[in-house]
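Look for subunit A in each of the two complexes below; its partner is subunit B in the first and subunit C in the second.
And then the complex of A and B:
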């Protein structure tokens, strides 16, 4: 059997088309798969958040159980000098928190009340954007704005960036000012910034954050705000809540029930 | 050539002074002994073989730190399959005393004492100070 030049070119051309077609199919297939997998990943992502139910909170009776529990769990020093204070969860007057909602005739109970505040674990945290060392970052698995104190160089850019004042700087060695040392959690050193981490160390053990557990009135509700079945979402669905300065676009994840 | 005696004597003096520590130890029989780390009573094996821990414990600690703080992991499977909780205070100090396992050896080899303990706490020391 003899092949002419014309026939040879036809056969080789057909073979080339066949090969390239197979490759093209493989590429299309993989891109289709990639799209579906990324879509399902974004749907599955968690965002932990908290509701502070100011109606249940008995701060007017001087309750500071949440703050005490946090202080004990995380070796937070108690400086008397307000310039040195370290704050993870603390209290602020309502009209300071929600100045845009404040009116001259605000309910007197709200006006005098101080409300528990903590890091908002924002959707797009400005503190993370400015950190030059990657010492603070947003966890992909659960949306916690975490800190790595080993990496913090104490530049305080994050403190300038945070619109909520949720970060504190250790101006002096905090250790002598810690009342009851908890050996399971490290202290910090002078020159390091710190803030609430939603008790990541307790969550890893399957426990609730220390403040949530300590609240005698169950005024703090903690959970995944991206999960429609979670307790926090169900409470959000049936109540009107406020967030601190949402107009800034940071996407705060602490909700206040008033 | 007139100074030959002085030069040679000076060289000997120099050599003698430089090797003084060796002479001194040989004469006084006081050779320094490296610190011996006893195996804790209730354990047979560290999280890694002794040779590895001796040369590379800092690498292991950095890996643990990376995984616990940045990757939200907590368990370490050792070379013999035993599972440990990655924790400086919780795992290392559950067997060792900080003074014995860190400070003593670092002092012996003249390496700066690690600053881990500026933040991390030794549970034994807290108990002692509480008493």
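And then the complex of A and C:
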């Protein structure tokens, strides 16, 4: 059988298109499955989460030990201007976190109870979905929503996407504002987004997150919510907890014990 | 090369205008370098309002770019011959505004030098990736179309036959750029002001009003300055398109308003509260209200046939349409989505002076592109028309050369109006220019 050059090119071109089409289909298929399978797969694998026991946390309203520990561990700058602030964990009035649960008759002291806020390390994180470079992703082995500060292009789509306001952008160079430099943790540069990573660097060394360790009341309980025997699961099983905006389908993994 | 030499000759007025634009661009570029060095903290954006004027302008310009389809579609699919002389102008406007879109994205980026990460690590689940694809595709399509059609016209031959398919492809592609841009917003779970299925349709409706309104203004300005007339029928045809699009856009806004206000769900009403009703104190209220008033005035002028057909009031209507939608999309839509923040904070956003100057610089680039492109297009068209002058009329050649010179001096306009609109002061300024 003789084959002309033109025919050869035609056939090989068609093959190439076919192959790339198959690959594209595979990608689409996996991303479609992603939503459902991640939920069921995460049942089997690990998903780190945290309980904030507001009954213990309320004892000292002025306490900022968790915030200080985080700031120190992660070289978080302390900008005065609220527009430029970087926050990994911070405190807000209870009412701001759970505005849909509010009743006007709640005592102001309870309503304004200052409560820790941090990244929810969602099951289905919208920030990861929108990131155009994969600079933020959900880590398979433990469900942490991670950040690569070297890949981030600073488009801030993730900040628009996050329904919890957990992400901060470095509007200016953060380094001059770092109070007490920790040489073991990287500093960031202007123009990238950052947020809580559940202290992945400490977990790797077998330690607890800095905020959990720093809390004098042991109000923060950290662990694998997929492990029925874990402390966090036991606590979740026998107490009423709230999550922020669960109706959005993001599957937040920070639980508030009330 | 690319017929650019045609833009290299011109009268003093032409060069003054080009020089002025280049000066604005140079100053803005200086400020941009400063922003690059200092960080985006130079702008009025903040942790809570993390997109501002830049992304608003980007969104608005995607609409202007997409609106070229409102000339291309009637001309190529419905043989609407009246649009013949306007089509190339629409396509050039699209090329310029897509370029502006890309620049607005670039200046908004924290790490613009890493932009190729979007291609190096493509994320198919990110709408931003698809937006980049559709915008750059649209730029390539329109650049190809304008180059080959104009080149053929210059050589007085038929354009290559395959250009027809490119043109056909550009029609759905135009719809796609604004749809995908709508998805950037409507696909986010937590921003309820944006999470509406009619976001993309509303974007398209406002685009098809604002873009053609700008094109009408540019065409009339060209006629005044150069004598190049796209024809009364083309203008009135486009005016009808603007009217329909404006009505549909207003209808969409009212749909949103009803759904929010009647259902009375706080997450939905909050947007209208801070944009139009003033229940929450933000810096947006005066903008939102101005936009609505201009929109209503524009509708009145467009819907009454006598006024729509009168060129003077049509000019006013077009300025109103353009400025109203510029505010609605370029300022209110984006910033409004961030208020209140996920934790209920009301954050004021006011663009800073450097931010405004950088924005103006991008507009100046757009104006410069339109100026150069229209200059090229017109010299081709006018040369072609001049070549048809019968020999016995050559005595009147003096007037023909006069026209030519006039044409070169001409293109002050497009830029002038575009830059004016960038200035926010639009309605009055643009309008007056037309009356005198």
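One rule holds for everything that comes next: the second predicted complex is superposed on the first by the 208 of 258 C-alpha atoms of A that agree within 3 Å, B and C clash if a C-alpha of one lies under 4 Å from a C-alpha of the other, contacts with A are read in each partner's own complex, and residues count from 1 in each chain.
The working rule: a contact is a pair of C-beta atoms (placed from the backbone, for glycine too) under 8 Å apart; a residue touches a chain by one contact, two chains touch by 3 or more.
Note that the coordinates shown come from a computational prediction; the quantities given were computed from them, not determined experimentally.
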- Report clash or fit for the pair subunit B and subunit C bound to subunit A in the combined superposed model. fit
- Message: One more residue to check, A:248. First (subunit B), second (subunit C), both or neither?
- Response: second
- subunit A: partner with more touched residues, subunit B or subunit C: C
- Between subunit B (first) and subunit C (second), which does A:55 come into contact with in this model arrangement: first, second, both, or neither? neither
- Query: Touch check for A:117: first (subunit B), second (subunit C), both, or neither?
  - Reply: second
- Message: In the overlaid three-chain picture, which partner chain does A:218 touch, first (subunit B) or second (subunit C), both, or neither?
- Response: neither
- Look at A:156 in the shared chain and tell me whether it touches subunit B only, subunit C only, both, or neither; answer first, second, both or neither. second
- Query: Who does A:10 touch here: subunit B (first), subunit C (second), both, or neither?
  - Reply: neither
- In the superposition described above, what is the shortest C-alpha distance between subunit B and subunit C in Å? Please give a whole number. 13
- The residues of subunit A that touch subunit B in their complex are 75, 137, 139, 141, 146, 148-150, 181-189, 200, 204
- Complex contact set, residues of subunit B against subunit A: 65, 69-70, 72, 74, 89-90, 118-123, 126
- Once bound in the complex, which stretches of subunit A touch subunit C? 27-28, 31, 34, 82-85, 87, 92, 96-97, 99, 117, 126, 129-135, 151-157, 159-165, 168-173, 190-193, 245, 248-250
- Task: Write out the stretch or stretches of subunit C touching subunit A in their complex.
- Result: 38-41, 45-48, 50-51, 105, 108-112, 114-115, 117-118, 120-121, 123-129, 132, 184-185, 187-191, 337-338, 341-345, 347
